[in-house]
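What follows is one structure encoded as structure tokens, with my remarks underneath.
Chain IDs A, B and C follow the sequence of writing; residue 1 opens each chain.
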Amino acid sequence: MGRKLLLEHINVPGINTLAVYREQGGYRAVEKALKTLTPDDVVEEVKKSGLRGRGGAGFPTGMKWSFLAKPEGVPRYLVCNGDESEPGTFKDRYLMTHIPHALIEGMIVSSYALGANTSYIYVRGEMMPQIRILERAIEEAKAAGWLGKNILGTGYDLELYVQPGGGAYICGEETALLESLEGKRGNPRIKPPFPAIAGLYGCPTVVNNVESIAAVVPIINDGGDEYAKIGIGRSTGTKLISASGNLVKPGVYEIELGVPVEEFIYSDEYCGGIANGKRLKATVAGGSSVPILPANLTLKYANGEPRLMSYESLSEGGFATGTMLGSGGFIAFDEDQCIVRNTWNFSRFYHHESCGQCSPCREGTGWMEKILHKLEHGHGTMEDIDLLWDVQRKIEGNTICPLGDAAAWPVASAIRHFRDEFEWHVKEPMKSQSTNYGLANYANPIEKKPEEVK
Amino acid sequence: MLKVEETQPVEFSSALLAKFDEIVKRYPEGKQKSALLPLLHLVQAEYGWTSVPAMDKVAEYLKIQPIEVYEVASFYTMYFLQPKGKYVLEVCRTGPCCLVGAEKIMDHIEQKLGVKEGEVTADGLFSWRGVECLAACGFGPVLQIGPEYTFYENLTEQSVDQLIDDLRKK
Amino acid sequence: MSDLVKVTIDGITVEVEPGTTILNAARQIGGEIVPPAMCYYSKLKGSGGKCRTCIVKVSKGSEKDPRPMPKLVASCRTTVMDGMEVLNITSPEVLEARAGVVEILLINHPLDCPVCDQAGECDLQNLGYEHGLQKTRYEFERRTFDRIDIGDKIQLHMNRCILCYRCVFTADQITDKRVHGILNRGDHSEISTYIQNAVDNDFSGNVIDVCPVGALTDKTFRFKNRVWFTKPVDAHRNCSHEKCNGKVTLWYKGDDVLRVTARKDQFGEVEEFICNECRFDKKKTSDWTLEHPTHIPDTSVIASNHYETFKPLPVIKENLALQEANKRELEKTTKI
């Protein structure tokens, strides 16, 4: 059994209330931080923990905090990014639904560390139930003196508000989120300046994912060094993985980073294998934006070594044979799933969610969707596959924000690893409408290669 | 330019305005525009959709230009710029949900309600549409119904039938 | 002048004020190495970064941190650092990416240049000519919108729009009250007033001048003539509007002033914004004091019959000073 830090008490009845959360040791981190640590100490602990942003980019949280500008007389803001919309990712919803106080506790400690007196939790508008849960929890916390003026008599003031989004994936990008929070269209800002210098209302701002903020609580309770002992290499601590698709037990799992992918998919502790006795064809390991991998490369590196659930291991081999941990949205595809159809589905998503500000993404995502639609429905040509490859290349790296890359990568990786399935759709247009390409050779075991003599 | 339905001028109730006042307090002096998204949610919950007169009123309240409200309302997918059914069934249509049968659920809803995506049933009760990822991929297929955005998970054709029948009786 | 920073673009070094963008540094050098800019407008705060045509490669970040930047950057929004080295037309990677942006900008463009008033002075046309493909690879239906009037003097052809946001910035920064904006999102985004609403403001006509394409055009000039058949002359008047200095370009066909625009610099940007009265209501030569034939770069199609000695504009024929100026301009353009 791996250690649980965030979901340890998830099954305790009433854990969503302040009273029960307190009984289970909740708000200890606030007491410890506010009474015994300076803000810089808190930042130092988070740095020591090696915690990396849980929203997708994996940037070290402590380092992000230390970039925050601190000019005299200018307020600083902490904004929590709860705009969880990456297909395949639903851990933040789970956390906010069941243990809202873990997020609020994390917000208090983090705001204290950053010197913010007003903090916002931006939650996507569709999560109205979660917004109500958080608002109720904030009321409880405020009534008990954990929020408001002079918290615990330490002189530290903090107001915490929940801000609803309006339905836009792009607001998960931190500068688009800030625009949205300012009541504008969610167009990502052109950087620099980065939010750490000029963020919300032009003031220094840190934007962190829900899970990153919640992870600050165990880091303060146990110390950054303790946290860093969990995990593997630079992937420290535990991570919430949202498992979906054709699995026996989809759901949210807290894993110690470094669990073998094979164990995660097949062990009863986690996903329990592929549903309906089918075989695994492919996975998207970190949310729809990361490259899709065939089953064999999911489980092992190209050299036959087993792949682990960690930032480094999942990206082993680069985009040629690897992928990314991303936001931890693990989607499993069984042998009956059509990769072309799924790629079209994802590209429709990015087309729908492009903000339209910069031209390669605005026009290119639509173009990709149309070509994929054509291929999926049996009207495609071999040239279309090459054109698709070319269009994604024109988008990747040439846009204001990472949505362009996120739209290009799934398409590129699908062509890279499943080109024969695309070609089958061209060669067998009729057949491809009624049957699917099946498992083909995508799960062929990769033999461990003998060690190279150096 | 959008085709806009003719609508009567609106007057916000004092209860609604009190909620507005409460929300505006969350932001620093002069940054009241931040309240725009939450205010539009309140307006939509009250009237069922976001009409031009209502948006103009919101602009007036927040002391911004009406176009700033139109720009925002049309950017985000949750605001309905046309009247919809009383219950709008929003079914997730993105990858992971499709792996577990979301497309079948949408076909079934279309059949059951007898209206195409985006249309309103004759009794004015229902609309449905496919929406992008609702962040509940492990519990798919899923749908939500505003304005409370109640969530229904692990949908089957039977559970959808049950849900629609229950709503009809309500 | 020790606080100037040194930047090298395509091998040409220039010293510029700290805080200058790569694009503006390139404009100080001038010539072929200036990246094309479809959305950036130096007179509009916050503009730029969107169209991605001005992307360049930073092969050396600065003297202090010589690492190259990992991605191509928008030169209009990237500030130079001391010792920075930039590749524009000397980088095949940049040219390929730019060609990609141009292709993508054109997939939904109607390519209706033959009936577009902007043809001949259109940035997108020039860009397509220099970087585009001869044939489109886009085989799907193009996005279309209805043509609408925003105000009685301005027509909006949304089909042609590349969403540079310049007109929105103009309305925000030059006029008192913005009534048009960007509606919807993604590739459905459109410039619109949303409800039937006229853009009615003393300075609203400037959106026509800042538009890089034929999306916003002058209704009073609609189908009057092709710009390359008209002859521009700089002129001024004592404008009563406090924010307008009345310096304009008159576009003549024979004796008639077909349209009035603000004067534009070598990068296609207006020198100063003008009021609607000057633009729309003063179309008689007697309203103006003529200065000289407008300088048109010889790369422009408008230059083709501009400085003819044998057939100068009637208004020039009658004015000795203008005749002299015409001669000078002609010499300049025929020297090559």
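Here is the rule we go by: a contact is a pair of C-beta atoms (placed from the backbone, for glycine too) under 8 Å apart; a residue touches a chain by one contact, two chains touch by 3 or more.
Predicted model only: the values in this text are computed from it and were never measured.
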Inset, instruction - Pick out whichever of the two, A-B or B-C, is joined by more C-beta pairs in contact. - result: A-B
Inset, instruction - Kindly work out which chain lies most centrally, taking the average of its C-alpha atoms as its position. - result: A
Inset, instruction - Quick one: point me to the chain whose Cα centre is farthest from that of subunit A. - result: C
Inset, instruction - Just give me the whole-number Å value for how far the CA centre of subunit B lies from that of subunit C. - result: 41
Legend entry - Whole-Å gap between the CA centroids of subunit A and subunit B: 25
Inset, instruction - Pull out every residue in subunit C that's touching 2 or more other chains. - result: 182, 184-185
Inset, instruction - Identify all positions of subunit B at which a residue touches two or more other chains, and write them in rising order. - result: 68, 71, 75
Inset, instruction - Can you tell me which residues of subunit A touch two or more of the remaining chains? - result: 168, 185, 352-353, 355
Legend entry - subunit B - residues contacting subunit A, complex: 26, 28, 31, 33-38, 40-41, 62, 64, 68, 71-73, 75-79, 93-96, 98-100, 131-140, 144, 146-151
Legend entry - Sites on subunit C touched by subunit A in the complex: 48-52, 55, 71-72, 74, 77, 79, 97, 100-101, 103-105, 107-108, 137-138, 140, 162-163, 165, 182, 184-189
Inset, instruction - Spell out the part of subunit B that touches subunit C in their complex, as residue ranges. - result: 1-2, 4, 52, 65-68, 70-71, 74-75
Inset, instruction - Report the residues of subunit A in contact with subunit B in the complex, numbered from low to high. - result: 75, 84-90, 92-93, 118, 120, 124-129, 159, 161, 163-169, 180-186, 201, 242-246, 250-252, 284, 288, 329, 331, 333-334, 337, 341-342, 345-346, 349, 352-353, 355
Legend entry - Residue ranges of subunit C in contact with subunit B within the complex: 146, 148, 177-185, 192-196
